[in-house]
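For reference, the structure is listed below as structure tokens.
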């Protein structure tokens, strides 16, 4: 294991499988023998399901297997034998992220600020909205903005068009920056663990459309936000990140909404960051996050 | 308004009513004209219900109305006119607190540590449990310990006996230090806003008996605790205090329980402290807390 | 006291004085007798200095004293007698806020996002920077952007010009959005409690230019941010708001800087919000904040 | 890698060395070939110092090297070659912890509550104090209590006696539960990374004897606590755990002390727990904590 402050090209392997003896030894031996210098290694065993998870990142500089052959070699030498599920990523690939938005700007602006400042190494090839409100924002950043209004009857065709746009722009993942529409089962199933939503409560409390109203009604002393992957079950997908802030009787619903915006945008950003840095493995509707 | 570092005798008035003009002026004028030096004053208006809340504390030293007459004078001069609901407390009265406990010790030990060290100015005249496990703890602190086992058939009579004990010991309020029995509607209705429970989740998430199991199953990234008043609706009473801590995939259910104990005891203590310092007004199943 | 959900025009009085009997009664009586409906009232007595602080907000609708006469009447009837220091503000006045910035964008972008979305009811008449880097941002928002480079010799004249600009634009207060220049004693003394800085540590730890480097060197497990008023003593002015986040050995200095940006912008925004909503009284280098 | 819910006997290896290729592969290969089933593995590379850290825990059940030989075998096969510093621990060994205390009870009571309830698997063979105040607590728990008063002249001999007691009781580590005496350089050097202190501020802010007074004077909005190893430099040893809570102008010094007690005892407990569960590696006055 040898590190360098200006690491340029690394490979990241996310794997999981039934727990068994010798997995770490096998994988690290495979990397070591082929000249791979491990930058970081994290593993986890879920003791209830007896399932094993691992994230390993190594430098490609002196790695003897060419990038395009790693998948094949890994499959042949380890994948089949250990019955692994895995994903391989390269740090040199810039992920392509689509934004869906409706009428609230705070998450949209926060995401775009991180993009504009270079804090996030992503490309944003497309913004999709059911409102025309932020067209000028798309123009400001030179990002194609598609206004796709929805009504009772056109959801199926609009979603088909949305999916077509995502494919056309080679989108790797989608972030719902307070997109106030429920995606169909059909749509979400085509993009498993590829759609990140920000829900404005600490799930599972107050799922659904009006969490701040629910929180005010119940008289809670904390409000929160949850970044999660979208699945066909509304607000029930794997949770990536959560945080809360304290409130008091003194906070009206509008105070809660104002304060909530800050926690929403920070939680949303954390969830997205973990995703495009390949820190997350999803299994049985839960996440393992190697931050 | 005039304060003194070693305030000894103060009166505390907690009041609420339909909002109307001039309440603060009327109350402060009443206190001022009778020589009462206000130590602290907090008010709140709930804009949804248009309801007014106030806590005011003043020194009794130069107050011209005798302690035992304050209620009568206040009623005559302000209470009826302004249609106030109010409570009057005196700082010189040491509250009498009963503890109910089952088999977990962390909240019990924490409460007793605060009592033993003098951090809390309360008397603990009685401990009641459905297990005999902590009899030696009662003996250690010289507090009568009543082992009152419950089964399917004896709840009504046991609760009657418990209530009798509370009356006999002049108990002002009850704290459920992880008491794993559901109190009957009859019992809770006799002690409104006088029973404080610690629930081991951030309510309304994971109400019921096994919140950590539920949290683990859902894969949440935060676990919490809620201190609340007990009402006939299980885990649905007015929330006094809540807090959370972060967890990760790395935390098993037993890790969550271990970490949860710390947050439970701190939240429980905060809720109890606010209660016996007369900081809380309850209205429509919510709390206004003037900390 | 009578509230209305759509309160339009209110007056806010921030006052402090040596503690004395009857202040609250006098002030509320003054407002009540002139038809002022109190929206909120908060008071505080510092028991060490025996100093009294109060914030009261009331509706102007039925208040019989005209806005431009309130100061005079209040002075005549209460101010002199009680030897009060006070400020009067009107909710209808939109505060004018200047931004100073250097090369980091996260606080700048966050402030402008709140401005653009209408979350903050402020005007931003001018942006001043010692770098030309964000000229296009000024243009984007149609805000005059003044590039005013500093060197060893020109500080006095540049600051004179900056002060002139602030006067010309009727600026009410200044926010330093990671402005990496030390303001002179002369400049800061002209704007007491009118300049808000964000310092990227939990002061007093790691004052000075490189707090994250200091935090990493010391091996702390928390990093923080502090929003404070600027005084002639570097990083020693009255603290308005602070928060922290947990870090671990796993966080390099660059990770700390990345994570720190989020806490910086939230803390900065909270401090600014409290200021322009007239929640803050400053006394003896400390703040009383009636949030 | 194979786990079991009721893991009984495991070995834990904490190691660090100059970073080099193949360490993880070498260590996991060594364990795997000798039948060791890895329960958990965590590694870290400090990119500034280019130093490597690792914690690995494995089951002893089918491990072919006898417990008492593991050190020798590991030294021979890996330690010398890779120039490792390491410690080996066994989960079956119950650590022996001495408590030093002065006049505050909250940390003492909290530690003893965890001990009494079985939450912590430790032995407490001795309590040492410079006051006689808690003698009855020692008696309550059947723990020898040594009252060893200190004055200007007897520090050297008292510390010699204290050290003698620690040796006599085979103490593994010492916890200073608000022990209000400064340990000499000589004493601390004999117990490196074996003495855990709780400091009642978020170090490095407010080191020294009166942190709450300092925090109040400075007008901070957060107070904290720091669990750290004791070194000859006062309050400057490696930090293990820190946390903070929010305070306001409303909190007097005595409020801060009251609230501070809760954060102190939780931070203290977290630091101690990480230590006796062998989660900590110390290097260059900083900690790597594999929680």
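Note that the chains are named A, B, C and D in the order they appear, and that numbering of residues resets to 1 at the start of each chain.
To be clear about the criterion, a contact is a pair of C-beta atoms (placed from the backbone, for glycine too) under 8 Å apart; a residue touches a chain by one contact, two chains touch by 3 or more.
For clarity, every value in this text was computed on a predicted model and none was experimentally measured.
A.B. asks: Measuring between Cα centroids, which chain is at the maximum distance from subunit A?
C.D. replies: B
A.B. asks: Could you tell me which pair, C-D or B-D, is linked by more C-beta pairs in contact?
C.D. replies: Between the two chain pairs, C-D has more contacting C-beta pairs.
A.B. asks: Please tell me the distance, in whole Å, between the geometric centres of subunit B and subunit D computed from their C-alpha atoms.
C.D. replies: Whole-Å distance between the two chain centres: 36.
A.B. asks: Roughly how many whole angstrom separate the Cα centroids of subunit C and subunit D?
C.D. replies: 42
A.B. asks: Using the touch rule from the top of the page, what residues of subunit A touch 2 or more other chains?
C.D. replies: 44, 47, 250
A.B. asks: Within their complex, state which residues of subunit B touch subunit D.
C.D. replies: 105-106, 109-110, 113, 116-117, 119, 140, 250, 258, 261-262, 266, 269, 291
A.B. asks: For the complex, give me every residue of subunit B touching subunit A.
C.D. replies: Subunit B reaches subunit A through residues 44, 46-48, 53, 202-206, 216, 218-222, 224, 238-244, 248-250, 252-253, 285-289.
A.B. asks: Within their complex, state which residues of subunit D touch subunit A.
C.D. replies: Subunit D residues touching subunit A: 1-3, 5, 19-25, 28-29, 31-32, 37-45, 47, 50, 52, 246.
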